[in-house]
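Two complexes, one shared chain (chain A), two partners (chain B, chain C).
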Partner chain A sequence: MEALSLGGLYVERKTPFHELDPRAKIAWALLVLAASVATQFDGLKALPVFASTLAALSLSGLGAGLALLLIVNASAFLAAVTLVWAGAYSSQGVLLLALGPLRLTDVGLKVAFGKFFLIMNPVLAFAALFASTRPYHLMWALEKLGAPPKVALTFTLALNLLPSTVKAVREVTEAQVARGLALDRGSVVQRLRNYVPIIVPMIAKLLSDVWDLSMVLASRYAGYARRTYVFEPRWSARDTVFTVLSLLLYGGVAAWGLAPWW
Partner chain B sequence: MAEKARSSKALMVLAVVAGLAVAAAVVYDFWRALTVNPENPWAEFTLSKIFFGYRNLMFAVGAVVWVLGTAIFVLELAGRTVTRRGLERNRMGVAEWSVIDVALAALSAAVYGGLLAATAPIVFVPGFTWLRPANALAPLFGMFFGIPGCLGAAIGNLIADIVGGFFGVGSFGGFIGNFLIAYLPYKFVRDHSFSSASSIGEFYVWGVLAQAFVSATYICWWLDVAEALVGLPLFVVWGIIAPIIFSNNIVVNAVLSPVLGRVLFPLIKGRGLYWKDRIKAAQV
Partner chain C sequence: MGPSSVVVKDLYARYAVSESWVLKGVNLAVGRGSMLVLMGPSGCGKSTLLYAIAGLLPWVVPGEVKGEIVVEGVDVARSGYRGLAGVVGIVYQNPEMQVVTRSVYEELAMAPENLGLPKEEVMRRVEWVVEALDLERYLNRDPQSLSGGEKQLIAIASVLTMRPRVLLLDEPTSMLDHKGARLVLETVEQLKREHGLTIIAAEHRVEWAVEVADRVAVMSDGAIVMEGSPEEVFSRVEDVERYGVRPPGAAEVAYELRRRGFEVRVPVRLREAFEVFGL
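Let's turn to the complex of A and B:
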């Protein structure tokens, strides 16, 4: 297992999206969420929001490949969502497909896609936000938005530690499986107890990392006084334009999604 | 005195038996519901009938739980706790956190979020519902690390929501709901060692039965109130999500948490990270 890593989700690039003020990007991600909520019953109306999150991923230099990977990973989820919501709306709209008990109507399909985008759009938006914002700036933005400094520090640290923690969980699981641990065998109780050899090493790692992280924080004087920032982002005309355009786009989409006559 | 100790021990054994019996009954009842009505087991599942059938009562109870839970969340983070003598300092408010508290909260969140994101759920009825083994950690973080552990569980769940694709208006309920899952055993279980009958018995009362009900009603009341934004029908909120949260938290915490707690407590105490020891050391 590797030592404590604070690499996080940030990807170093020089793109227009990276250069935006983090507050503008947080506002944008929340607007994506709001517009996805407003269009959750009509997947067609949610399409512009989806397209904009793909554009953001592309503008942040992450490319459409990541989006494609996320969408492929979510395809099973889309199938499940379609089955559930198509079933709930099987008596409304024009019948498109009948397979045994499954009756897929145009209304059911729109709702299913709306619900799918309700999940996918914020995931893509937050992926773009976290990948294009330095943790240092994310913490600064959270403090500016009113979060207590220690809570902002805790959230940012946890987010930065997440990729290495997920990697460590996978390594421990692979090691235990190689030693004969069968996670998918036995009764419910047995299968739950099979996770003890995975969780205990993870907590043991946590206990040793606590002291390392504490020393890193103490050496930087974190938590003792109000933190100051050497490199503070500056709100520029570009951020204002981006925020106004986002408001217009997502406000318009949300109004479209909520208007019953459209 | 001996009589009192015996009756106390009997009550604790009863709590353990009740916790395990409820967990077993939940699994059996869902299996029965699926056998009777394979197309819609929720219509037969007893927990769905209770939560959805008594929706008005659950809504009223949920409102009380929500107000109290949110007030406790704010108070504890502000450094105050409710006691029999009124409001007192808890010595673990965010403003009083040392770097160790920040590190504990961040690492608890990362491990909780990482385990939620990286471990496959255990399907206990194929295609319908599943258990998350990582949920067993939330009450233990509260009991072992105190308020930083409680906030770590809340942030870990929020991060798992963000990266896992479940972030939305409902995540606010999940954030404080997970704080309460960790908070109840932290506050009400007196002995956190899992090495005595009273310790295990109290854990089954607060860390298994009470937290499962509180988290289910807290989260589902919020989903019910925010129905227009979340877009989930009331049957889904009270008939499916509430029983899933309740079942998952009962089964996982009844089966896994005491085993993990028994193994982990000496490790955490030995490293000087148990919250009571740290508060005592700070006072000295």
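Let's turn to the complex of A and C:
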């Protein structure tokens, strides 16, 4: 049985990105978010941000392959975003493609990619942050940034419920399929109904796991006092350089995104 | 029995979702440094009693508790579980849910860190428990790669870093294989022998219980129906069986012989059985 661990998304590696102070990485992820918001109407301007998140994934030892996997999995989302925004901007810019009622213009395409990167860039940035930062240090950083200890712990727990949820879905699905549940038969409505025997026990399992975990944390006095941290990261010159470079890059991109004349 | 470490008087307890009382008038006194093993069928109230003694019910687990619980002089009804920090430690059944961090050191340091102890004190306590339970070989391992028994051992060690005077064990071996259970039970024996902890353990392994327990309490339907030394309790084979507890194998054999007309004493431990049966 898999444990509901506080280790969730973290991947143990020794990389330059792992070595950075978690506060520097949190600031970086927030800057990526800000730059993505600022460039959401122009996918071209969001490209440097996208490239930087790929670089961060590589530097964190996860590799750009993970980004590729996320993008492939998000391709349906990209197609939907393109259709929606191409439709919304079909009367602006140069017509690139006309397929029946669909009129794809250069402006529509830029906005579609801008909106796509608005989601993808922060997802990749926070994936790099969480995968390269020990939950222990993430909690420490959140507390240092002013979050109450219980909030820091709850945030870390919630974050790490994601992989636990995926594991729970896989376990329950395998168990139900072994009992004869067919997920690929029937109409769309029938197929949706077939997921009920997965969703119900999955929620029950997660609730049970969370209940057990809350008992353990309570009896270890989580939230009892201001927590001591034996292992505290130390801000170094490398963190300062990284933060300043991030500010320059994302500040520049954000200014570029917001400037109407560029 | 020395001065009492844990005193429970006329305790009634139920969960918020319970229609009736789960514990019905439990009375109990456990001497300082002694070990009590709670036995009884599933659902008889063993875990509920431990949760109430630990102050988790009703402070963490919603419910209602009536009666008196005093642990090392702390009135649990008034202080709740927070007042028992450094007094009581509890270990649960499921080892998978009790090891929650990404390093054994972090795991051991977690409770004293949560208590806000100074960094040096946290490190001292971790070093102490590592030495006391010989955990050096686990320090550099990812806890998730440990076996069930090893995880339970780390869970016990994590609780010990709070330096509790009372250790509550809620069926700590019920989800372990033989090897894992042995590792955990040997550790509990060591804690009793070398560190003088007061231990209350809900445990099904009767042969182990009779070897290490100072007292045994049999629970049935939310009440303690038998209590005494292992000899006093398990020599009453019929009563024990009636309450859903399997007596030790040695006692079962002797009881069967007595039923068939042989005049033999009822031993509860294996070494006594050798004497009784002339082996």
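What to note about this one:
The definition used in the following text is that the second predicted complex is superposed on the first by the 214 of 262 C-alpha atoms of A that agree within 3 Å, B and C clash if a C-alpha of one lies under 4 Å from a C-alpha of the other, contacts with A are read in each partner's own complex, and residues count from 1 in each chain.
By definition in this document, a residue touches a chain if its C-beta (ideal position, glycine included) is under 8 Å from a C-beta of that chain, and two chains touch if they have at least 3 such contacts.
Since the structure is predicted, the reported quantities are computational estimates derived from the model, not experimental observations.
By the touch criterion defined above, A:Leu44 lies against neither chain B nor chain C after alignment on the C-alpha atoms of chain A. In the superposition on chain A, A:Ala218 makes contact with both chain B and chain C. Legend: residue contacts after superposition of the two complexes on their common chain; A:Ile199 is shown touching chain B, with no touch to chain C.
Once the two complexes are laid over each other on the shared chain, residue contacts for A:Pro135 go to chain C alone; chain B is not touched.
Contact with both chain B and chain C is seen for A:Asp209 once the two complexes are overlaid on the shared chain. Of the two partner chains placed by superposition, A:Ala175 touches none, neither chain B nor chain C. Once the two complexes are overlaid on the shared chain, A:Phe126 sits against chain B while remaining clear of chain C. Residue overlap on chain A between its contacts with chain B in one complex and with chain C in the other: 209, 213-214, 217-218, 222-224.
Residue ranges on chain C touching chain A, taken from their complex, read 54, 56, 60-61, 81-82, 85, 89-90, 92, 94, 96-102, 105-106, 109-119, 122-123, 126, 142, 144, 158-159, 162. Chain contact summary for the complex, chain A toward chain B: residues 33, 37, 40-41, 74, 77, 88, 101, 115, 118-120, 122-123, 126, 148, 150-151, 153-155, 157-159, 161-162, 165-166, 168-170, 173, 183, 188-189, 191-193, 195-196, 198-200, 202-204, 206-207, 209-211, 213-214, 217-218, 222-224. Residue ranges on chain B touching chain A, taken from their complex, read 27, 39, 77, 94-95, 97-111, 113-115, 117-120, 122, 124, 131, 133-134, 136-137, 151-152, 155-156, 159, 162-169, 229-231, 233, 251-252, 255-256, 259-260, 263-264, 267-268, 271, 273.
Of all residues in chain A, those touching chain C in their complex are 1-7, 10, 12, 134-136, 209, 212-231.
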